[in-house]
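These are the structures in question, set out in turn.
One chain, chain A, links the two complexes that follow: it is found with chain B in the first and with chain C in the second.
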Partner chain A sequence: MCHIAPVPAAPDVVVIGAGVVGAACAWHAARAGLRVTVVDRGPVASGTTGAGEGNILVSDKPAGPELELALLSARLWSDLAAELGGFEHHDKGGLVVAASESAHQNLLDTGLGQQAAGVTATPVAPDDLPGYEPHLAGDLAGGMYYPQDAQVQPMLAAARMLADARGHGGAELRTGVQVTGLLRDGERVVGVDTTSGSIPAAAVVNAAGTWGGQVAELAGVHLPVLPRRGFVLVTEPVPVLVRHKVYAAEYVSDVASADAGLHTSPVVEGTDAGPILIGSSRERVGFDRSMPAEILRTLAAAAVRLFPVLARVNVIRAYRGFRPYCPDHLPVIGPDPRAPGLWHACGHEGAGVCLAAATGHVIAASLAGRSTEVDLVPFRPERFG
Partner chain B sequence: MAISRDSSADARVDVLVLGAGPAGLAAATAAVHAGARVTVVDAGPTPGGQYWRHPPGSSPPGIGQHPTTRVYRMLAETVRARTRYLSGHDVWAVERDDDGFAAHTVHEGAEVTVHARRLVLATGAHDRSLPFPGWDLPGVYSAGGAQSLWKGHRVTIGPRVAVGGTGPFLLPVAADLAAHGARVVGVFEANHPRSWSRHLPAVTSSVGTFLRGAGHVATLSRHRVRPRVRHAVVAAHGDDHVEAVTVVRLTPEWTVVPGSSRVVECDAVAVGWGFTPRLELPLALGCTTRLGADGSLVVRVDDHQATDVTGVYAAGEVCGVGGAALAVVEGELAGLAAAGARAVPDRDRLARLLGRRAQLRRFAQAIHEVYPVRPGWLSWLRPDTLVCRCEEVTVATVTNAVHELGATDARSVKLLTRAGMGWCQGRMCGTGVAALAGAEAGTAATPHAFAERPVATPIPLGLLGRVEKPPLQPGPAPVPSHNRKDRPL
Partner chain C sequence: MSPPPPTFDFDGQAIPFRPGQSVGAALLAAGIRSWRTTRVGGRPRGMFCGIGVCFDCLVIVDGQPNQRACLVPARAETDVRRQEGSGHGNLS
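Moving on, here comes the complex of A and B:
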C-alpha cells in the first residue's frame, strides 16, 4: 500500500459570507458530506450578524411562507443548541403587548392565523401581564405569549457553527478574503475569484447578507437587496428586570412596511451578561453610519413606556446595523436559474438570525439535490424580474 | 427625574469648545479675542483639565513656582469672564444640526443641549492601561488616576507606593506622591532613556519641558528615590488589596530577565503606559483619523487644526499626545480658525504659532520614540489574567476566541468574548485587548475597534427619552459591584 500526500481538493461548495446565514449553510452542507470553503472579506460575524440582537421569533410573522421557515428554524436552533451549544440559546418566549384596544384586536387576529399555521400563541389578559413581566407598565390593553420565541448570541452562534464545520466537517474558513468575481464555464458558475486567488467549486452560495446584491451583480443577475438601518441601545448590566422578549404589537406592522422613512417600535430584552438590549428602528438611508440622537431618544422613550423601571437605568452603548431588505420582505433562498451553479441565501432583513438555521438546512438539501423541507418557490431569486 | 432643557433659547453661539484643559482654554481665549461668541463645555468642576486640575476653591498645584501657572490664570480668567463656561457638563453625544452642531450634555441629572456654528474638540486623553496579573486588585491605579486623586482631592493613593510603566509622566506622579507624604518604594521605567542622545535637537529646542523633568528627578532624589530603568511592575499581590508587587528587570524588548524577579511590599501601585486620545466625539462627527507616533488613533488636522469635517476643529491630545505646551499652541490655532472671518489674519502670529507647534511636535515625537510600549509586555500575562475587568474576560478566553472561534481582530474578539463591552467601554482594556488579539491572530493591532463610542458617557433612559413623568416604581437595585469598575484604575 502506498501513501500519496493529499492534494488540497477543490471544495464542492464555496460559501460567500461568514455571518450567521453563511455559517449555517456551511454547517449543514458539511454535515451533508460536502467539502465547504467559507470566504469573507472581513472577520467572522463582522457584518449584520455582529449588529444583531439574536432574535428567533415566530411571533412577529403572520401566517405565510416566512412563518413556515421560522417554525422549522426555531426547531433546528433548539437541536443545534443541544448538539453544539455555547451560543446562549434561550427558549425564553416572547410577549407581545398592545397599548390600545385596536392594537390588541389586531394582535388577537394575527394570533388566530398563526395558531392555524402551527404557532403556539396564548392570549394574555391585562391582569395577567405582571405574571409574565412584573415590571411592565400597568395600563396596557393586553398581550399574546409565544413560547416558541427564543434568543441566541448571534456572533457566537456563527462562530460555533463555523468552528464545528471546520473541526468535524473538514470545512475551510478564509477570512479577510474578498470575492472579486465568479468563475464561469459558459453560463455555469464554477467557483470564485478572490483577492487571494481563485477557488474552483461545483457550487457557490451567496450568503453575503446586505451585500448579497453586489455578489449577484458579479454573476450578472439582479437581486434588489437594500440596507435598512437599525439601532440598538445597550444598558449597563442590571439584575433580571425583563424575562422575555417583549415588544409592542406595532412592531409587526413596522417590519412589514415598505416605507423608506423612519419607523420605531420598542423591543426590549435582557441578556445573559446583564445588559438590556433595546430596539428597534428601521429606515432606508443607504449605509449612512451617523447616529441621530433623536432616534435614540425615541427608542429610549418607547422602552420606558413599556417598562417604567428602566427610566433610571443607564444606556452605556449604542450600535447600528444594516439589515438586508428585499421589497417583499422575504429572503432570497435557492438556486438561481439565471446563473446555474449559484445559490442565494441572503436578504433576510431583520430575521437573518432567526431564519439562518432553516436557510442552511434547505440550502444544504438543495445543493445535495434532495427535496427541501420547506417550499422554496416564494423565496426564488428570479421573482423580482 | 429632572426635565431636559435646551439652550437654543440662548441663541446659537459662534464657537463651542468641548473641553477646558490647556487646549480648550487656549482655543476659547483665542476665539473670544478674535470677537467670537464662545461657549465652553467641560465635565470637570473647575477649568484646567487634567494638567491644571485642582480642587474647587483652590489654585492649581505649584502656584507661584509652576512656570505655566501664569498661562493658566490668564486663560481661565478670560474663559470665566468672557465666555459662557459650563462646568460639570458631560457630553453624551454631538451631531450636526440645521445650522451647525448640537452637543447634548448631562448636567446634574438633566440634559442640556448647546448649539453652535463651529466646534473645537479639545477632549484630551485618558490613561493607557495594560493588563497584568493582579491589576484588578483595589490599590492598583493608573498613573493619571493617582495624579487626579492628588490634584483634585489632595489624596495620596497609599502610604507606600510603587510607580511603574513608561514615559516622562511617571516622574511628576512619583514626585507629587513623595512630596506629599507617601513613601515611594520605587519608580520603575520600562524603557531606557539613553536613546535620548539621538533626539538632542528636539530636546534642546524644548529645553524648558526637559528641565521640568529634571526638577522631578531632583524632588525624588531628595526623598531618596532613584528611578530604575528597564524595570517593570509585572504583577500585584494581595487578598483583597495590594500588599506587594513583583518587579523584574527587562530585556530591551521587555521580556523578563531570568532570575531578576523580586517582590516589593507596598500598599498601592500607580502604573502608566502613556495616554489614549479621547476620540468619541470626533469619530461621532465623522472626522478622519490616523495612527499616531505612539500607536494611538489620533484626529487628522491641517495647519489651522481643522479636521476634514467642515466647521470642526481639534486641538491638544486628540490630535496626538504631546503635552500641555503643545496643546496650548494648538488650541490657540484652533480658536483663531474657528472664530473664522472675524479673526484678522496676523501672519506673524500665525507663523510663530506654526513654528512653535512644529518644534513641540518634534519633541513629542522624540518622547514617543524613546518611550514606546514594546511587545514583550504580553509575556507577563498568564492564561488566567483578566484582560477586561468589567466583563471579567481572561487571556485564555481571548486566545480561545482567536484559535477556536476564528476571531482575527480586536472587534471580532470583542463580539465573541464581550471584552470591552462593559462599563468602561474599552477605555481601560482596549489597548490590551487589541494588542493581544493582534498578537494571537498574527495581525496588526486595530485600535479602531474600541475608539468609537456613540454614547460618549452613560445617560439614563428616562433622560435620553425625555420622559418627563417620574416613574411610579422605584429604580432597579444597584448594579452588582463586580460589574462596575468605575473607580479609578
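Moving on, here comes the complex of A and C:
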C-alpha cells in the first residue's frame, strides 16, 4: 500500500507573531474565511504579550484616532468574551485620581474631549472616592470614573484566540519557527522564509510587536519601532482591596511623553488570582534586561501613596517588558504600499492588548478587500518616510 | 538531667525545637502536619518540598503572613499562627 502525504495547501495569509495582536489578526482572518498560518520564533505569548498587563483603557487616550480604535476594540473584546471567554475579561471600569488641583483640572479637561468622542467619563468628587475604592488615600483632589475600561489576561486571550482559530477556523500554528526572510515576486511579498523552510502565501502580516521594525527590514522598508521598557510589581495574594483599574492622572502625560528618560506613575489593579499588579514605568534603554531596585522602589512607594493599605503587603516578584514604541505613539496598521502583499500590525506601545481586537478586525477586513470600520490613514506604515 | 528544650508559641501551644531547626520541621516533629488553608478551596496545607521552593508551607510568623515555615528558623520568641487563605483577611 502506498501512502501519499497530502501536500498542505498554501495559506492565504501568514501572520508573523503569536502575541495578542497576531492572535487577533489570525482569529479575525480565519473568521473571514481566510486560510491562516501563524509563525512565532518562540511559544505563544513569548514576546511583550507575556510581559505586560492586560488593561483595555479608553480613559488614558485623549480624543483622536487611537481612542477611536480603542472604543471599537473595547466593544470587540466584550463580544469575544461572550463568544469565546476563558481569558478573565472583566468590565471593571477605571478610576483615574488626581493628587493636586492642577492635575484634577487636566483630568476634567481631558474628560470633556473624551466625552465628545463617545467616552463615558463621570467626574468623582473627593468625598465620593471611597464609594468607588474604600482603601484609597483620603487626601486626593478628585477623580474620574470610566465604566468602559476593562481588563483581560493577555496570555490567555492570545492562546484562546489561536486555539479557536485552529479548531474552528482551520488555522495552522507553528511555534519555534523564525521568519528569516520574505519571498518576493518582483515587488510583491509572496510568503516567508523561515528556519523550517519557506511558506508561500498571498499575504503576510507583520505582527512582530517590538521586533516589527526588524521584520519590515526583511522587506527593505523602514518602520521605526523601538523598545520602551516597563516594570510591573506583583504582590502576594490579598482579598479584594482594589476594585477598579486605578491610576494617577499623571499617567496620561507620561504615556504621551516623547523623552527617553524614566517616567513613573502609579497604576494599580487586582487580579483573579489575588495578587495586585503595580506599574508603571517607561524609559527607552534598548533591550536592557537589568532590573534597577530604585525603579521598583519608586513604583512601590507610589502605589502605597494611592493605597496606604499596601504598605502591609509584600511584593513577591517583578518583571519587565519592552513595549513596541513608535515616535508618534500610534500603532502601524494596514497594507504597506512600499511592499505590496505585506500588511503591518505592530508598534502598539503600551496599548497592544487593548487595541488587539480592533487591529485584528480591521486587518482581516483589509486583507479581504473590504472597507475598515475605522480610518487607517493615521496608522499607515509609510508615514515615517 | 538535661534542661527541657526551648519552645515557641503556635496558636497557644508550646512547640519544642532544637537549635537550628526550622519552624516547619519543629511543627512536623510535634505531629502537626498542616498549618494553612488554601485561598480558594480552604484545603489543608503543610510542608511539601521542605527547601523553600513550593510555597506550600506558608504560615504567619510574628504577624507577617506568607512566611515559609521550612525556612524560618525556630526561636523561643517566635510567634507562629495558622494562616487562613491569603493571611491578609484582616486588610479588607
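As a working rule, the second predicted complex is superposed on the first by the 378 of 385 C-alpha atoms of A that agree within 3 Å, B and C clash if a C-alpha of one lies under 4 Å from a C-alpha of the other, contacts with A are read in each partner's own complex, and residues count from 1 in each chain.
Just so it is clear, contacts are C-beta pairs under 8 Å (C-beta built on N, C-alpha and C of every residue); 3 or more make two chains touch, one makes a residue touch a chain.
Note that the structure is a prediction, hence the values are computed from the model and not measured.
Undergrad: Once the structures are superposed on A, label A:Leu241 by its partner contacts, choosing first (chain B), second (chain C), both or neither.
TA: In the superposition, A:Leu241 touches chain B and chain C alike.
Undergrad: Thinking of the overlay built on chain A, is A:Ala163 touched by chain B (first), by chain C (second), by both, or by neither?
TA: First partner only, chain B.
Undergrad: Pick one for A:Pro224: touches chain B only (first), chain C only (second), both, or neither.
TA: Neither partner.
Undergrad: Is A:Val315 contacted by the first partner chain B, the second partner chain C, both or neither?
TA: A:Val315 sits against chain B, while chain C stays out of touch.
Undergrad: Please work out whether A:Gly274 is in contact with chain B alone, chain C alone, both, or neither, and reply first, second, both or neither.
TA: both
Undergrad: Looking at A:Val304 after the superposition, I want to know if it touches chain B, chain C, both of them or none. Which is it: first, second, both, neither?
TA: Only chain B is touched by A:Val304; chain C is not.
Undergrad: Just which bits of chain A does chain B share with chain C as contact spots?
TA: Chain A residues touching both partners: 236-239, 241, 274, 309, 312-314, 316.
Undergrad: Using the touch definition up top, name the residues of chain C that touch chain A in the complex.
TA: For this pair, the touching residues of chain C are 39, 65-66, 85-86, 88-89, 91-92.
Undergrad: Quick one: in the complex, what on chain B touches chain A?
TA: Contacts found on chain B: 1, 93, 95-96, 102, 104, 284, 286, 391, 401, 404-409, 411-412, 415-416, 418, 421-423, 425, 453-455, 458-462, 464-467, 470-477, 479-480, 483-484.
Undergrad: Under the touch definition given earlier, write down the residues of chain A that touch chain C in their complex.
TA: 236-241, 274, 309, 312-314, 316
Undergrad: Residue numbers of chain A touching chain B in their complex, please.
TA: Chain A residues touching chain B: 18, 43-46, 50, 135, 138, 155-156, 159-160, 162-163, 166, 173, 175-176, 233-239, 241, 273-275, 278, 289-293, 296-305, 308-320.
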